[in-house]
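The data blocks that follow each hold one structure.
After this come two complexes, each holding chain A, first together with chain B and then together with chain C.
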Partner chain A sequence: MTMLEDRGQRPIPSPREISTQPRFSDKVFRAVVTTGGLSSLAILGLIAAFLGYQGFEILVKEGITFITTSEWTVEVDSFGAITNTTFGLAAMLVGTILCALIAVLIAVPVSVAAAIFLSFYAPASLKKVLVSIIDLMAAFPSILFGFWGLFVLMPSAEYWARLINRYLGFIPIFKVDPPIFTRSPFIAGVVLAIMIIPIVTSISREVFSQTPLDRIQAAYALGATRWNVIRTVALPYARGGIVGGSMLGLGRAMGETVAVYTVLNIVYQINWQVLFGAGGNVASLILLKFGEAQPYEIKALMAAGLVLFLLTLFVNFIADQIVAKSGSKGR
Partner chain B sequence: MTQSYVIPKPSRPWRPSPREKGLNIGLLLASVVTSYALVALTEMKGKLAYFFVFFAALALFNMARGLITKDWMNGRDQFFSVIMLLGMTIVILPTASILYTVFDRGRKGLHAGLLTNDMALATPSDPITSGGLLHAIVGTFLLVAVALIVSLPIGILTALYLTEIKGRFTRPIRFLVQAMSGVPSIVAGLFILSSVVYTVTKSYSGLVGSLALTILMIPTIARTAEEVLNLIPNDLREAGVALGGTQWRTVAMVVIPAARSGLITALILGVARIVGETAPMLLLTGGGDAVNINPTQGAMGSLPFYIWKSFLLGTEESITRGWAGLLVLLVLVLSLFLMARFLGSRRTK
Partner chain C sequence: MSFQSKNDNKEKAMATPSSLASVAANGRKPGTSTLGIGLEARGVHAWFGKHHALANVSLDFPAGTVTALIGPSGCGKSTFIRTLNRMHEFIPGAAMAGKVLLDGKDIYEPGTDVTKIRLKIGMVFQKPNPFPSMTIGENVLSGLKLAQLKNANKDDLMEECLVRAGLWNEVKDRLNAHGGSLSGGQQQRLCIARALAVNPQVLLMDEPCSALDPGSTLRIEETIKELSETMTIVIVTHNMQQAARVSDFTAFFLADGGPGEMIETAATSQIFSQPRDKRTENYVTGRFG
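Showing the complex of A and B:
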């Protein structure tokens, strides 16, 4: 009774106004979250803007020759003043693409085979362990791959390079004129391949696991062996995802700095002989030149960074399109 | 009329019979013998020959078994199963080699004072027992902490936008986050150099290093957090709203607490992503040899910088120091990884 009496004393709160309008707190919440969500756009835009701003002078001066010629010289007179400069990035761009392509060519078949093994062959307990190991490998820092590649892989990889040269040397890209096999783009490619294998493997495994079960079972019911199922059902279904994953790996390999710097002998020339110990990529050039660069040359390095940034953005964009398309179409 | 029932014994026809198991082991042994014999008898030499001859022999033997016991299709199936196993082995071998090398070589650089001394008074050719990597560990810790303060809110806000608001920009933002995770670390370093160092601070410091790390960390946090928030059942959100909560209250009081351990996993994976990042450190932090606990001023050491410097110095002692640094870094990454795994497995239960 007392409760009722008490309630009688207090004013009854007026009913809350019912509306579909978001409340003030929600408006603030949505605004804050949207701003946070758009920060990635802001950051990417700022990267392009600032690198473009700093490298503007060089880009205007060199024009298109910045990416088509391959000479990087800074001439200095006896007082340390810059007299003449030429900046052309072509050699390093070729090196970037070459190393990344070697990496993808090695990594993709291996990764796809491993992903097939994990999806169709491995028993559940083994699969769990192997997937953990691959995830762990993806978390290894690049400096680890770099110095492992330099100290442990290099002797073996050099021997593999000699073998390839001996038996396939008649193919122009496997020719080596002076027999220098250490620190070649091939070895850098092998290290990069090992670095991108976890990415490509886990993406491929994910697509394989999305293969419609009814198709797989239908194939088995028709008397297919495991290999038949993989070849006729899983691989056609997963093709788009695998290509997209490989492109992501390509993008990662193009931007790698430290691992390439440690294993590759950086020489400023266009070198198509993948087994010959000379090459480079844009990222390692930036690291190499940065130490002793004067303010003017740093501007050129900023422009080089912009080129690298746009290149990786482009590769990522293509990869994203391919993955999105393959996901929605389902075949 | 009596009828006799035969009760079938449970059997597992898909399991290999003892005879098949024996045959499997036999084929394995035969392949080992073949690889040894071929390496001994022909010109092929080295580990590479053993490795490939072994797998070729295993593939061919298995194919032959399939052909003999069943048919051509089975033979092909057997052949390709060995090829897939080969792929898996090639993927696992480098990891095993890396782990073994780092533990084996890093072991020699361990000593009592490793974690309590810095390199301020040690020269490259000093014996291993002098100096240590206290400055590097303190530096890495500070860099990561500052980077976290900036990137954790941005990463989680991005994930919230993708899962809770699902506005017009969902698709582009998802792509941009993806693109951001592909930004080369050196470009992140150059960007901070051009936007902050040359215009504002004019000098190296830990703070600018953390800003570069932030750029690399945001996409990892955002993507993991998005996955986690997607796992939260919609029922929870609907229940929150049905009880009269605004969206803000529902997210803050229901969704985020439900996803807490997953968000911590996202944080840990983000830290694991940047803790060994080297290129921006080389451009931005200056890499001192003494302990520096002020991120806004002066050169700041970090583990990757320490490792890089030690290896480039090139003396025997400094290379050993470099391996020890790598060992510490690897242990750090391993423990972060295991922590993320542990939290992740608890979440799904």
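Showing the complex of A and C:
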């Protein structure tokens, strides 16, 4: 429509460009926070580039079999020169995911229950003590979890594994053949669960504590019991946060090295029988092999690191999607 | 004057062909057995930690009446209304003394199931607080879910409550939209509908219109007048015109340095035309507060 057709009306102006001249102090502050924000991205990128660069040769040579086969051998002749190598991560990847899933399946219900207790039931004095203990646990060195898992937990967990096997052994993943119950993915999963419970509890409790008071009061004023207030108001509100916390726990469980290395029997064969004493874990493999690896094998370990990095990134991406989808609903 | 407007309203209510109106037409009068005998506060004190917020309030709320609690900020009227359905005790360090009798039975008696008390004495808050994760329809019926009550005909109940809260016409085509998608005034009426769904004897309203525009306020005042046919209503308000418009009785609260006290209570027309206490007169004539 032209101006002429618009006769009798005031011409409609095109929108003005709106700008502002920021002050110097604002520019400085902006530069500082931008640097901070980009540095983590830059570090992440540098790590990925380093791993990719180092592992490139192996990735090209092995191709897709690097993640689809399970053999990991380096043959040397009597002079110590490499004659033949095969690198495959499949068993380690399956093991990593299996252990982390077991950990999350055990940890999340326990953590949510703990967070609900702390937020809605615990008396104020007990709450204070418990919260600081749980926060302390989140910062506990993982090797100590590993030791404790090996010497204290393993005997009991072995007993639980036998029980599960006896009564649920007809389910394929609970089969154990031959009967080796120690150092299994199940036990590693339990140790990992104990490791991630503090962090998942901590995050869940934080989200629960932000449940808007007016909604809680509205529910109580309608004659709700405490459990019903939690079920209909607090849980929907906190769901996004709980999922986020669980994914953070899952990430930590997948990347855990020392604790798993201590309690898991690393075997280069894919094993879905979670109670059977054979498993894998990419991070533990790197730790296991790194000490005596020759330069060429180190390259393979770098490539393995890159795969783990991508796997973690992928899981976090999925987690973000889930949080974004479920986060807005209860709010 | 306030009585006059209320009677007009009764006639209107009788003319509407709803189940509620027929109840009203049956002539439920204050003090009849279907409504119970109302709510009585006996020597109620309230504390927040060591702070004595409210002292020795005794007040009757006869069944089927609207009582307005007025007074300047900090006079303890909100604290008082929250002692009437035991919401006061949620605040850490809160304490109370005295008795609150519902149909002659103390709601603070040891061994009382407080959830049942709150079912009988509903509450609408200052800030509209629908559950945002639920649809409009689910919000109305949320009380049934929360208190685990059974109701065979949920759709009828939902419609009845929304009609009574004066919201039905605005939301009947979008009962599946989320509660948060409504305007502030609509949200508050949704909260009233939600409170009605569990069929309370008494409805407490803590400044229900303070966050709303004049149009929404008017709608809610109409709703209050209609509701008073079937329940006992206690309303805290900062708006004296509102108290004059909707209430049968008015109680004036004041904290004069010490804890809040009830200075005077009487029929609303009397409080506004010839209050006994000088301080009441000063407040209702706008000399302070």
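Note that in this section the second predicted complex is superposed on the first by the 279 of 331 C-alpha atoms of A that agree within 3 Å, B and C clash if a C-alpha of one lies under 4 Å from a C-alpha of the other, contacts with A are read in each partner's own complex, and residues count from 1 in each chain.
Just so it is clear, a residue touches a chain if its C-beta (ideal position, glycine included) is under 8 Å from a C-beta of that chain, and two chains touch if they have at least 3 such contacts.
Computed from a predicted structure; not experimentally measured.
In the superposition on chain A, contact is made by A:Y237 with chain C only, not with chain B. In the overlay built on the shared chain, the residue A:A124 is in contact with chain C alone; chain B does not reach it. Of the two partner chains placed by the overlay, only chain B lies in contact with A:D135; chain C stays clear of it. Comparing chain B with chain C, the partner in contact with more residues of chain A is B. Contacts of A:R215 after superposition: chain C is touched, whereas chain B is not reached. When the shared chain is aligned, chain B comes close enough to touch A:V33, but chain C does not.
Shared-chain residue A:A113: touches chain B; no touch with chain C. When the two structures are aligned on the shared chain, A:L105 is found in touch with neither chain B nor chain C. When the two complexes are overlaid on their common chain A, residue A:V60 makes contact with neither chain B nor chain C.
Looking at the shared chain after the overlay, A:V76 reaches neither chain B nor chain C. Common to the chain B and chain C contact sets on chain A are residues 225, 228.
Across the complex, chain B is touched by residues 22-23, 25-26, 28-30, 32-41, 43-44, 46-47, 50-51, 53-54, 109-114, 116-118, 120-122, 130, 132-137, 139-145, 147-148, 151-153, 156, 159-160, 163, 194, 197-198, 201, 225-228, 230, 248, 251-252, 254-258, 262, 283, 286-287, 290, 301-302, 305, 308-309, 312-313, 315-317, 320 of chain A. Against chain A, the residues of chain B that register as touching in their complex are 46-48, 73-74, 76-77, 80-81, 83-88, 90-92, 94-95, 97-98, 101-102, 153-154, 156-158, 160-162, 164-165, 167, 169, 172-173, 175-180, 182-188, 190-191, 193-195, 198, 215, 218-219, 222, 246-249, 251, 269, 272-273, 275-279, 282-283, 304, 307-308, 311, 322, 326, 329-330, 333-334, 336-337, 341. Remark: chain C residues 85, 87, 90, 92, 115-119, 122-123, 125, 127, 129-133, 142-143, 145-148, 191, 194-195, 198 touch chain A in the complex. Of all residues in chain A, only 124, 212, 214-215, 217-225, 228-229, 232-233, 236-237, 329-331 touch chain C in the complex they form.
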